[in-house]
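Each structure below appears as structure tokens.
Common to both upcoming complexes is chain A, partnered first by chain B, then by chain C.
Now for the complex of A and B:
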């Protein structure tokens, strides 16, 4: 494996592009590009956290967007009740999603396969309906975030470029964390349980507990992405945890490449760029995207990252 | 008391609609081992087809039959074109592919019928109310839903338990490889089951569509309820799906109307007004969590696995 494989080249170009993007947006005079990519980066954080449980752990969660919602509601509710300090809001968002992930995980991980997919979906849906029921916080319509989180002069989130770089730094930190995690002893157990759970248990690992910890870590990271998302859109609504959002996250991971460190990022860029491109062609762009997903599932196993890796070998 | 009877009937009606969806889903799960998120799309298509046919034929019953036939054809076409290639693949692949199908069908309906909902006009003989017990009027149409769905459930029971086809279906649910090895034309069986599942979903959709309206995305919320039903009932079990559907329908409907009242006993009015609706929409998910804790395979898991 040479360092200069096509796959590594793509990753390096992508990362450099992300780093230089604000400068390009400034020069080209298109602030829209910066907005689009802030969104991509935030969703890439969420997708990377999903990759930890789905790609490496084999736990297909169809309710991962619920933590996006919980994270953003934590920020939104704090702001609504007059607490605007990010030092309070963000740890609260993280703690709340960790707690939720612990409860959802503890119940869901008792099941396998299809049951796990369905039960995570159902829990997310439950949270969605609870959010709709929160009349004080806007109910179905959601609520506008009066002010972005304040960090006592440390960083101003209203500055679009600073906010973008904050998100990007958190994305890199997440990718690094997940990479370190899956290559640690802990990660080996998680991956081992994906390929052969019975054997891992026979060796003496408490698989359930390892999985639960992994599930909570992923939920926690996604909760942070939720806090970013609320600040990004200045808006909190149940739509953040709608089940199609969970579906989007799964698409990003699979499209980019499961169990690959940069796969979810590649997938997030590819999916959102595709959406932008298709919606430029026709108002009914989903009629193209839907069958494309089908084709990707049928013919492009391993996602973009897998294709890049295969091209190197061909 | 009056209200209670009416709510129970409404719950029964919702439960039976759920059963029509869940029966197809649970068979597709149990026999083809396929996660079909697009099942809700057939529900939606059934309603839209019925709306169109009702205008064309001027007869609700004829429109309903034609709409079921149309969803049957669409379902079989989807199986032959796409689903067939997904058997034996990872569940994640099913989720993604059928998610793609949902996007396609939603957009297709928007393109073909436009973004506004469609009404399905009811004939006058259904659009009245019947005095069920002295002093208990109930909508004739809702009652007819209950009757039709019960009849379909009974027919399904007869087919599954008393015919050769049903024997193959049951055999498929408990051991898929074996019936293939015994020389049963599995491909045809799968296409048929998928088509019938789609038609049942279409029937549920058009019956519900006549109460509300045919809308884009109408199948998705009820699909998730149907998943809950299947998890509670146990994948692959028609009997489990039936019992769980009625349970979920009753608990959801009765909970929604009585839980807020119940909370008022313990909480202040304002707190009850907030907590009531939120809690009642959580009820069935709590039930599901409870079932899974006690029996991770559901109440009536299909044998053999």
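Now for the complex of A and C:
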């Protein structure tokens, strides 16, 4: 087996590209690229966290964007109330997401299949409507973030390049963390429960509590992505946790490749870059994007990453 | 008779109006290979379900190794040393054979809230798993995805997984189901080896295997034990013959 299979090559090129992107954007004089890719990287963090529960754990959450919303509202509400320190905002965003994931998970993980999908969706929509009802914080219009999180001179989030690299570092850390997790004892339990839950019980695993911990870890990571998203858009609104956003995250994971460490990143890049490219061609870009996604889901199990893995053998 | 390792007293289970387990009592001493036979619909699977904890009885008690386990959840019984194999092969198809068994070892090696260390490098899990795989004769197939193994190999692997949990007692639910004669013979050999160290409750349709292996046989009809004796005596038992003869007549009428 060669170390540099096509699949590895693509990942290496992608990672190098992401690292060098700000330089390219500078040279090419297109700051827009940096904005686009900051967005991609943040959503790739969210998608990677979803992959942990959906790809590896078989828990198809249709409400994962709720943590994006909770993370951003934690930052937004803090800023609105005059707390601008990131050292307070971000841990709060993480803690609130973890707590919310604990509650959602504790209830929804008692169900399976379609019921699980519907309950996670219902919780996310509930949070969405609660956010709309927050009149003090802009209701359904959302609110502008007056200032980005401050980190006592450690890093200036207003510096677009610095912010991009912070997001990228957090993405790499997330991918590494998920990779270590799924190859640990804990990861085997999670994947075993996806593969054959009944057998897991028979050999002595209390499956529920492992799933719940996994669910909370994923929600927590996604909450951090939410804190990044608020700082990126300078704006906080209920739209961040709308069910269509949860759907986008699922598409990224499925498109890139479930249960693959770099799949969600590949999926996020592919989906958002396609969206961008196609919307430049026509106003009705969804008409092109939809069938493309359908074809990949129908004919390429394992997503883009799966195609790359198979090409190696060809 | 020594203190039984598994004691079932007056066990009852109803599904609506149907009595699947009817005041069933059973005592299995340590070291015995005890077979349960009976016509289809006799309640064998319902009994296994209650012993493993997937079903709760409506009445009666199950004592395992001195502990009342009647209402204990599945994973707790497994932790006490009561392991089972499944009638229908139930494995982790997208894992390798070794990963399957290592997971069973892991289940009994403390909690699994260990998030960082690579699990496939843990000798404490891999070595016992490999040993269990060797015992059922699958050593050369250890690193193959389970979905690519044959049916007979799946059945062997089922046993290896039950073994890997280091049980005191094995509940084997039709381990020979769907096997060819050659595979069956191999399974009988494996079980004969295991019998030397473990108490085994065997539910099986293959009468040849049952009579070759069992120390004692219980015959289950309509949820009740109608006879419990050595293979020789069971063979002579008139009531048992009638029960089986009855089934055959029914089968002929339908077929």
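The working rule: the second predicted complex is superposed on the first by the 314 of 314 C-alpha atoms of A that agree within 3 Å, B and C clash if a C-alpha of one lies under 4 Å from a C-alpha of the other, contacts with A are read in each partner's own complex, and residues count from 1 in each chain.
Operating definition for what follows: contacts are C-beta pairs under 8 Å (C-beta built on N, C-alpha and C of every residue); 3 or more make two chains touch, one makes a residue touch a chain.
Remember, it's a predicted structure, so these values are computed and weren't measured experimentally.
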| item | value |
| --- | --- |
| Which of chain B and chain C A:195 touches, first, second, both or neither | second |
| Which of chain B and chain C A:129 touches, first, second, both or neither | first |
| Chain B versus chain C as contact partner of A:183, first or second or both or neither | second |
| Chain B versus chain C as contact partner of A:115, first or second or both or neither | first |
| Overlap of the chain B and chain C footprints on chain A, listed as residue numbers | none |
| Residues of chain B that touch chain A when the two form their complex | 29, 35, 82, 85-86, 89, 91-93, 95-97, 99-108, 110-111, 220, 224, 227-228, 230-231, 235, 273-274, 277-278, 281-282, 285, 288-289, 292-293, 296-298 |
| Of chain A, residues touching chain C in the complex | 180-181, 183-189, 191-192, 195-196, 198-207, 210, 213 |
| Chain B partner contacts - residues on chain A that touch it in the complex | 54, 60, 62, 107, 110-115, 117-119, 121-123, 125-126, 129-130, 132-136, 243, 247, 250-251, 254, 284-287, 289-294, 296-298 |
| Residues on chain C engaged by chain A in the complex (per definition of touch) | 52, 73-75, 78-79, 83-84, 86, 90-95, 99, 102-104, 106-108, 112-120, 122, 161, 164-165 |
